[in-house]
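The following block contains the structure, expressed as structure tokens.
Residue numbering begins at 1 within each chain, and the chains themselves are lettered A, B, C and D in the order written.
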């Protein structure tokens, strides 16, 4: 269909973005003081040993040449070798990517599950007690530092009540789900607050909109007016909000992954930055960037699907 | 027309009265914290960094309403002094992105064309760039502390403002009064900054309040990763992060600074909501 | 007539806001007979919509409620029905058509489904049957290809088609009463005529009653059986159409009829002779034209173009226009929406880039010497806009706004600015206190005067007014037109006056230019063009004006126009042409 | 019986012993591989490992090891040839992080399947201790060559008590009992899972909630609370960890011995032990930690006396001393010590400016000499004090642990002690070194602290020796 034509050419527009991200990451990580070789060798490092390692990983080459190699590798679908783990960065990422994706997807899903009913209740009782309650909850929801919230959830649900695992990541589907409940809840409590506010605002507008009046005027009961007319029309801003927040969300998973010991990319990234594992930082940054771009792409497709007026 | 108009002005006023509650509540909370920050030397019962080996981990009591931490420092005093830093974080962490974003967004939206394309691509890159990599790298480059944090926030934060303003600009520059201004021979700078910007900025002002909350939380997350302000300064995020080891033995170390963040965030949100309603901004 | 179908009795609606109670509708009583079309007229804010919404309990806010009176319909009082019973009435017995079809149709739902939705809900039929019924309705309201168009979205239709769909939605459950709230205000005259025709046809076919809300007496005269005139929530006059129009009792009704643009303008100052007197265009001494337009073309890239979108589709908004404007001329430009009037105006003032051709203002060619021409244009021309509110910066007071213009234009010494501002206000008939007010504290008419004052602040040779009265009530329209006429005379202005309302142009302008799809199809002296249109499009345009004289019936539109309209069904509101080929007019 | 789950901060990085210098890896190496010579539970004696006995030639240059008839996990015998391969590999492999430590090896040859002969270039008394490092774990030459280094590093052939069953990167290492281990009947556990739980709180809560059997690295602050839990057992084991304050001897007044002594006296180590270690640590007074070989218990302990310190500083002309203190960001105890020291030194009139930096960066700053003082810690990898002594006092390439401390007498003594074969003599030399270092205040010893691990009550014999090795072959899960 004509409206979906952008699916064909949009990916080309991502290339400069990806290129830009790669360049910035490359420069940024190398500006960080500290030396991966020394981190690797620890306290007992000698200058000779350090030089040896630097040579092995090509860190003694001029920067532009290193970047050139990086691009060349990238073109071949490689991202270099981790200094800390001594394996291919792509392989390393492959082992860590699934938990992060699952975490984000589940969190987003949960947030939507929380946000839509809350926003609906608030918007339909605008100015009433439920509305104020929802607004109170959602403003508080953004105020809690996630790591603190996480800890409280663990103490309550895992230690005191013992109904969900404290931390970690399971093996099979059900197990994973059980392990993901609290982490997702932590993220969702934050994210759904933002979503609820946005959804509520657009629902309030749509509930009073002409199209809702028109639907009522042809005798539709309030439930149909809400679910078939108001909700679809309120979704687009929320979808875009989610898409814009995805970068922030990915950042948020780092803390959550650390608290809940989820073996995802966020943890990998933090450890890589602290140990100056340049290749891994670059690799993860690229993957995150692609992820963000992909999510925005999906959001575009979703927007076009929801709202037939939108052309991209 | 005129009757209808006078009447709707009245509707506006009565709404304002209703919504003023939100605004006033927000202002009250923020005002309280600002007062705390300014009057800290007068109202804090103790020196926020004075250690007292005999008074370690004292639970809340009459002398120490919020208890003491593992160095025997008075938590209440630390929270009061911490207000200075946290308000500063919120303010500077928002002010620079706001300024940069506003100017760039205005220019980009107003001129359009190649300038706009360049800015939009830049924004794409920044949005796609993992924020944490940037934040951690900058902190690693410049050393942990507020300056690095501000720089990181400014490098990334402007994007939201630029986008908001740009969208507004795209609409406003086609408005009749903008066209009128062009036809009257006004200069671009005058049209952009005197005529369009004041009408475009309300949304950003409101957003900046929720942004302040995000900035505070980012600060707290950085503290959690151990890269917050330099000790022994009292900052709420750091206090929460440091107090975590005592979460089950001395809950008061984390609870009170944690609550301070929540309440301040709540104040910002309320203020932002109130402002939004008064300024007539749709979220 | 037997017992009325619907009887509004002493209906009173009040609003409680900020502790204060205001009566919006004050004891209004009107009856509606079976098969009758009732016209509800009155200026904006008079409470027309409020009455109709109260019939189906859809008042815009909880603070507004019916406090007295009754609405009797088939033996029960509609104001006392509970929500469930009301739902059966809404749509089932009373259908509503709204002013703005664009915002009242759900943009994300297929139009057919919006009709089928009501059918399924009220009649409990299966999905397939509902679809069939809805398709049938679509064809009844005149969609050329209902089977296919069932699956279209509202934005893929033109304004007129959307209004047809809206009517279809209202008809979906076979209502006994149709309420049409300004159903044609947003449409072009030609389309308006079709929609009104359609409403009358439906009435004839189905025998239902219609309440038609409008502010245009002409429409009422053409379509209704009886008229109710409202003002400030009070019913001023109610009676059969002819008796009200022929012998209005209330002074407001009298002035309403008098200020109707289709009234021969002679009622007030005998402008018939007046216009003939000052427009002996041919006998004027040959002077250089102030403005010369030569084969002007303005194209825009069609929206959504991008590097990869290839074909480079463009919209040709102005397509080879040539004309001359002499100093002191008053030229009216008319044409339906999208015909390129505004684009032409902006191109003249150097506000939009020219694709090709020339615009020469006072000897400076905009295409060849852009900087010099712009400098001249900025200091010697000014524009007045359609939407009085949107044209003023909401954050500046009227005084500041005028002072700023004076300062930037630098024609008045700094210490004279204050006095000049006051003079300008006097000139446009605004009290001086308005200098300290912001636009939102002004009424639409006052804002428009401020906008004119701003234009005058430049001390221009040429003023371009783009639909500057379209958004105003008739009575206020009249005032503004008079102001223009007055100013033109006093200051020797040259005026280009854009409007889609032909009647206004006829009153004000000596010469008229008719545009259609970016081309000028006809130009000449107003009287000649109106008396004797040479182009069928002009003729259609003129004949579509609802005349206040009920005996000048609305015409059935000539075929070419209708056929022409139907290609809007493809979803293209405006002719989109690929670079070179330009579609010719169906003459 | 059963599988032991252990929570730790970070996951392993590799299973190739020569390619890591991280503790997280070494712990698992010693579960999976065996070494020629082991350190015993007390951390003070060497005992036979895969070598059942050894002899050293008179000149201290030739070591002859007799191999035990042990097997790799794939069933093949562990031969002297494998041992020689191991030694040469750690010395020569270009990915080896340890080649410097084994440069002293001249040749390593298998005389026959059971006899390994190692010749050194120069005599070295600590050499035998270095063979106990997990990084020289004996690996199978055949397996390494057949699998290739990358595969081996992922899933090695074991020579120790357990084999790697699965490694879920970032999450856990799953070990399984090695039936071919030569002491297989000593091993009670069916398997071990090393699980990474980076957050201290979460790790503790996991044990409290019964989802982990053990958690290592218990923060001092949690010990008291965990001890109260009837389901838990807190295991406190002596370690060789010592925390000390590095001083940059090249910066201004710090070059003066008296100034450094004054600073030593201005620091209330007791308060640090109280506040930071919750009394679990002990005041330190020698760079050779308590409980390790040649520790000198009678070393000088300067009393806490801020007044006197102030006086001494004034005498030395450094009364308005201002110091730049590099603090490792993200390390709870480091930051706590910093806060305490800042206040204590203030009392002696020394103003301290805290500069928080990322740990990887602080190394660079120390090496560049961009600091005045900074707190670091050291734990021994080998039993012999030579390694640490050389690093701290031996004037090697690291400028005496970046302090830039210089004392040629000390330098010579360090070199001599390395060669001294008579234990008595050697001990006396190390005592002298400890005294001299204390007198010069090469750095300021702060405190010794134990290893603290917590287990569920049903776990027995979970134990860490002073060098950090876990003896999981003895651990029992009931």
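Here is the rule we use: a contact is a pair of C-beta atoms (placed from the backbone, for glycine too) under 8 Å apart; a residue touches a chain by one contact, two chains touch by 3 or more.
Chain identities (UniProt): A = ABC transporter permease; B = Nickel ABC transporter permease; C = ABC transporter ATP-binding protein.
Treat the numbers as computed from the prediction; the structure is a model and nothing was measured.
> If every step must land on a chain the current one touches, say how few steps get you from subunit C to subunit D.
Contact-graph shortest path, subunit C to subunit D, evaluates to 2.
> Approximately how many whole Å separate the CA-defined centres of subunit A and subunit D?
39
> Nearest whole angstrom, what separates the Cα centre of subunit A from the Cα centre of subunit B?
22
> Could you work out how far the Cα centre of subunit A sits from that of subunit C, in whole Å?
49
> Round to the nearest whole Å and give the separation of the Cα centres of subunit B and subunit C.
Between these chains, centre-to-centre, one finds 46 Å.
> Specify, in ascending order, the residues of subunit B that touch 2 or more different other chains.
Only 140, 225, 244, 247-248 qualify.
> For subunit A, jot down the residues that touch at least 2 other chains.
Residues 32-34, 151, 155, 258 of subunit A each touch two or more of the other chains.
> Between which chains does touch occur?
Pairs satisfying the touch definition: A-B, A-C, A-D, B-C, B-D.
> Considering the complex alone, what residue numbers of subunit C touch subunit A?
Residues 56, 58, 60, 87-92, 95-96, 98, 100, 103-109, 117-118, 121-122, 153, 155, 166, 169-170, 172-173, 303-304, 306-309.
> Given the complex with subunit B, which residues does subunit C contribute to the contact?
Contacts found on subunit C: 17-20, 22, 43-45, 232, 346, 349, 351, 375, 377-379, 381-383, 385-387, 390-396, 404-405, 408-409, 440-445, 451, 454, 458, 472-473, 476.
> For subunit A, which residues are in contact with subunit B within the complex?
16-18, 20-21, 24-25, 28-29, 31-34, 127, 135, 139-140, 142-148, 151, 155, 194, 197-198, 201-202, 205, 244, 247-248, 250-252, 254-255, 258, 266, 269-270, 273, 281, 284-285, 288-289, 292-293, 296
> What part of subunit D is in contact with subunit B in the complex they form?
Residue positions touching the partner: 200-201, 219, 221-222, 224-225, 271, 274-275, 327, 329-332, 335-336, 338-340, 342-343, 354-358, 360-361.
> Using the touch definition from the top, list the residues of subunit B that touch subunit C in their complex.
1-5, 7, 9-11, 13-14, 17, 175-177, 179-187, 190, 195, 198-199
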